[in-house]
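Each of the two complexes below includes subunit A, the first together with subunit B, the second together with subunit C.
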Partner chain A sequence: MAGIVGYGAHLPRQRIKVEEIAKVWGADAPSYKKGLMLREKSVPPPDMDTITLAVEAARNALRRSGGVDPAEIGAIYIGSESHPYAVKPSGTTVAEAIGATPHLHCADFEFACKAGSEAMFVALSHIDAKAMKYALAIAADTSQGAPSDALEFSAAAGAGAFIMGSENLIAECLHTHSYMTDMPDFWRREHEFYPQHAGRFTGEEAYFATTMGSSQALLEKTGMKPSDFKYAIFHQPNGKFPQRVSRMLGFTQEQIDPGWLAPRLGNTYSGASPIGLTATLDVSDPGDLIFMCSYGSGAGSDSFIWKVTDRINEVRDMAVKTHKLLDENLTYVDYGTYAKYRRKIKKNY
Partner chain B sequence: MRDVCVVGVGMSQWGEVWRKSFRQLFVDAASAAIKNSGVDHLDGLYVGCMSGGLFVGQEHLGALCADYLGMAGIPAMRVESACASGGMAIRAAMFEVASGASDIVMAAGVEKMTDCSGDDATYALATAADQEYEVFHGATFPGLYAMMAHAHMAKYGTTRDMLSAVSVKNHKNGAMNPVAQYPFEITMEGVANSVMIADPLHILDCSPITDGAAAVIVCTEEKAKALGKPYVKIIGSGVGTDTLQLCQRADMTTIKASTLAAERALKMAGKTIKDVQFAEMHDCFTIAEIVICESIGLYAPGKAGAAILAGETALDGKFPVNSSGGLKSKGHAVGATGVAQIVEIYKQLTGQAEGGRQIPGSPKIGMAQNMGGSGASSVVHILEVA
Partner chain C sequence: MAMFSSRSWREYPQRYRLEASKFKKSGKTYYPPRTIDPSNGDTEWETVRLPEEGKVITYTVIRVAPNMWGDKSPYGLAIVELTDGTRVTVQMTDVDVEQIKIGMEVRLEFRRIQTEGEAGVLSYAHKAVPKWY
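For the complex of A and B:
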């Protein structure tokens, strides 16, 4: 049976508050805070990108793996909307940095905000097929949001990494379900800096319909119900959407709390539900069942049912916990610094 | 001229109706009106639409709508007068029947506004203002109506609460309308604390962007009687126009085009405003409803705000305004709005208003006031029970 043998996250320590962004654009901060349930978001500093985030998250996953030899990793997949290169994989640099080269598969994945869970899905499939001993799936993003767009209040940075294998599991993957339709709700065309989206349509017809479609299909397929799970994680483009969809499905606030990071982290795009899973594993006990459903515009959702094993108690403290990254040692930046970090200031070269 | 009756009405769902196209919204409303009236054919079709071209890239709407209604071959044309397009379609259909040219004609209105971005929709709506003298200089409709509101406040002491009262009342009515876009009640505090759009207008002072369609069947009284369905008479129709530019008007605190349209409609009907018992009004912004109440002579200049705040235009007030929920709560599918107003008047006069919003006392005469832009065109109809 395939599952997770090591997991880890990484987040930048810089944050910007909703009020700071709203002040610059004349936006109404209280309505964003209340309407979208966002307080602040992470900001990647100039020396951080999807690759460096992925390396740090992968190292934390290796720390919790109980001594997996990186050379035994047979595949590395990175899902992101912000691969630093249009042509040249992020995964090669990450593989080199963690010592996994040269005998492995590598590909960068793209499916809006579910590229990361796609990487997890394919990595699990390799293990199920017994094609390799370990496969590394990473979800990482330094998300883009156009200046003054609603997305600018949420687009954040972070990464989650999962080493998949079949022995010494921390969490077993019991079931999966993928669901997708052709849905033009959010997109970024070649050579464009920032994505475009279709406002409320993106929520109602895309996020909610797709997340519900995938989640309900998996619950039906398995004959399980929300109350069977200790925890649940949903894609979190803001604080409100995952809270609302969890209620629609019948999950409680207590079930989503550990992985509900968006109000303080923002939307880490591909990283959102995978990082939520790392935070949830950090507080899980052996035997806990965890429901997870990603969402990527375009649009699709990957749903997973994880069962935590006894090994969680051994590995939990072997690497930094996600809530420590979220809560401690924070640096708040002003909009000017944020604009510089995010390369929003044109310098003509 | 022959007497003209409304014998059946139909509405599509109004709101962000993402799963229905322009033509489907029209067919939903039109087929409902045909079924409601029992007519077996149409002699003609008028389609009110402000900007199919900019909202969905579709023009040539008369033929398109006739075709998708399964009636390709009938005379059909589109009517445009910005947000007054629907009311103008009613007028065109009415006069076609009154003239003796046709016996049974459909007047419909349709607008599909959510297929484009908010910016594109704002641009499309702004084409109803004067491009050279207003839009190029940055004016938007919220901005133009905000100036009217400031002028009205300065001249008459109109208050924030008076503006809010319009919105609260219309939402209270709209909460009972099954096709309304926003069928829920809001509070005075909620309006005053909502996001600022163009001072003094907050978001809850503004009507929304809406997908929707409405249709009515107009015919001779002879045909209406033969159909055996409830019908009402259109006893007056009036149109007025004014400068497109707000800055060219002598007084920003009144809408002269509506004054002219109401005078002409009342004259044709042989009535005075005192004979009218309720109205649908074009509350694209809260200030608009206050100004219209004064422009059509219902209240003296500067007196409508306090009357609305006191509940005089509530559903159980002495002159109910916007029992449908108005543009604010029912929605504002611009080209369809004027037709939807006639739908509401018909339902009220025939005792068919759903959801508990039937005006008490079986009113006999109602008025629909529809207008385009910042009031450069306006059309008023008076309907009476048969």
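For the complex of A and C:
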């Protein structure tokens, strides 16, 4: 059975507070903080992008893999909606950097915030099909939010990486379920810099219906119930949505706590639920069952059930833990610095 | 444009994977890699991957930067001695220039080091960040 052989995350150390963004646009910070249940978000500096985040996350996954030879990785898939190039793959740069070239398959995935779990799903399928020994799935984003838009308060950066294999597992993937419909809730047309969204329509009919649809189908087909799980992770466009959907499904706050990163991290788009899974594995014990459900606008959810193995105790400390990256060594930037970092200022280059 | 991307491509092993050359006779490691050991003319060497941690041996602060790094100034440019003794010249990042100190422990991180204008190729390599874990 396929599962995770190594996992790792990487986050920028820079943060911006909701108050700092609200001040510039005359928005009411307390109501945004309450409405989005979000205090601050990560900000990638100018020399960090989806590729650099992916490389560092992949290196942490290799550190926890117990000596996987990168040359034995048969595929690298990166899910992101902020690939640095429109035409030129992110995956080949990551493959060169970790020493996995040239005998492998690379593809860059896009599906709004679900591109990362999509990469995980396909990587697991290669292992189940016995097509290769290892497949590396990476979820990474340096998300864009238009100035003054609600998205600007949440669009953040980060990466999670998972080496999938069939032996020496840290967590076995017991079941998956995917749920897709055509949903015009959030999009970015070609050559447009910022995504557009359908406001309140992105909630009930999109995020909640799709997350519920995928999660309930997986619970039904496995005959499992929320109380069977130690932990659960949901896509987190803000702090509030994953909290609400977890309650609707019957999960508790304690179950989502370790992977509920959005209040301090923001929405890392493709990275959101995968990075949540890295933080959850960091605190898991052998035998724990973990429920995970991503969401990507357009729209779809990939759900996974993971069972943690004894190996978690050996590998947990072999790389930096996600909550350390989230909570320590932070630098807070002002809006001007943030605008410069995110290239929101027009200048002659 | 083409010249730039081909040069960058030729340097991937050292830029992306920190590959250096270690010579048989002297045991010395050179980065960027050399094919002849300047200390004795030896041409027998093996490729080694450098460790990602070290400390600042010396540094300078660049306040008037070349155009492509103008947005990043002021920034530190440091000679870092890695844990295997090899010294590398790298930009410092994620640190105020006032906080850079000789002896400071650093870790090398994969970063974007150069962008060829708005439409050209992106170049990646390692920069040094303060070690904090």
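To be clear about the criterion, the second predicted complex is superposed on the first by the 347 of 349 C-alpha atoms of A that agree within 3 Å, B and C clash if a C-alpha of one lies under 4 Å from a C-alpha of the other, contacts with A are read in each partner's own complex, and residues count from 1 in each chain.
Methods note: contacts are C-beta pairs under 8 Å (C-beta built on N, C-alpha and C of every residue); 3 or more make two chains touch, one makes a residue touch a chain.
What you are looking at is a predicted structure, and each value in this text was computed from that prediction instead of being measured.
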| item | value |
| --- | --- |
| Partner chain(s) touched by A:228 [first = subunit B, second = subunit C, both, neither] | neither |
| First (subunit B), second (subunit C), both or neither touched by A:52 | second |
| Touched partner set for A:285, first subunit B, second subunit C, both or neither | neither |
| First, second, both or neither for A:317, with subunit B first and subunit C second | neither |
| Subunit B versus subunit C as contact partner of A:340, first or second or both or neither | second |
| Touching partner for A:69 - first (subunit B), second (subunit C), both, neither | neither |
| Touching partner for A:192 - first (subunit B), second (subunit C), both, neither | neither |
| If touched residues of subunit A are counted for subunit B and for subunit C, the larger one | C |
| Subunit C residues touching subunit A - in the complex, by the definition given at the top | 12, 16-17, 71-72, 93-94, 109-113, 117-118, 122, 124, 127, 132-133 |
| Touch list for subunit A against partner subunit C, complex | 13-14, 45-49, 51-52, 55-56, 59, 84-85, 93, 96-99, 320, 324, 328-329, 331, 340, 349 |
| Subunit B to subunit A touching residues, read off their complex | 16, 18-19, 114, 117-118, 195-196 |
| In the complex, subunit A residues that touch subunit B | 28, 31, 196, 198-201, 204-205 |
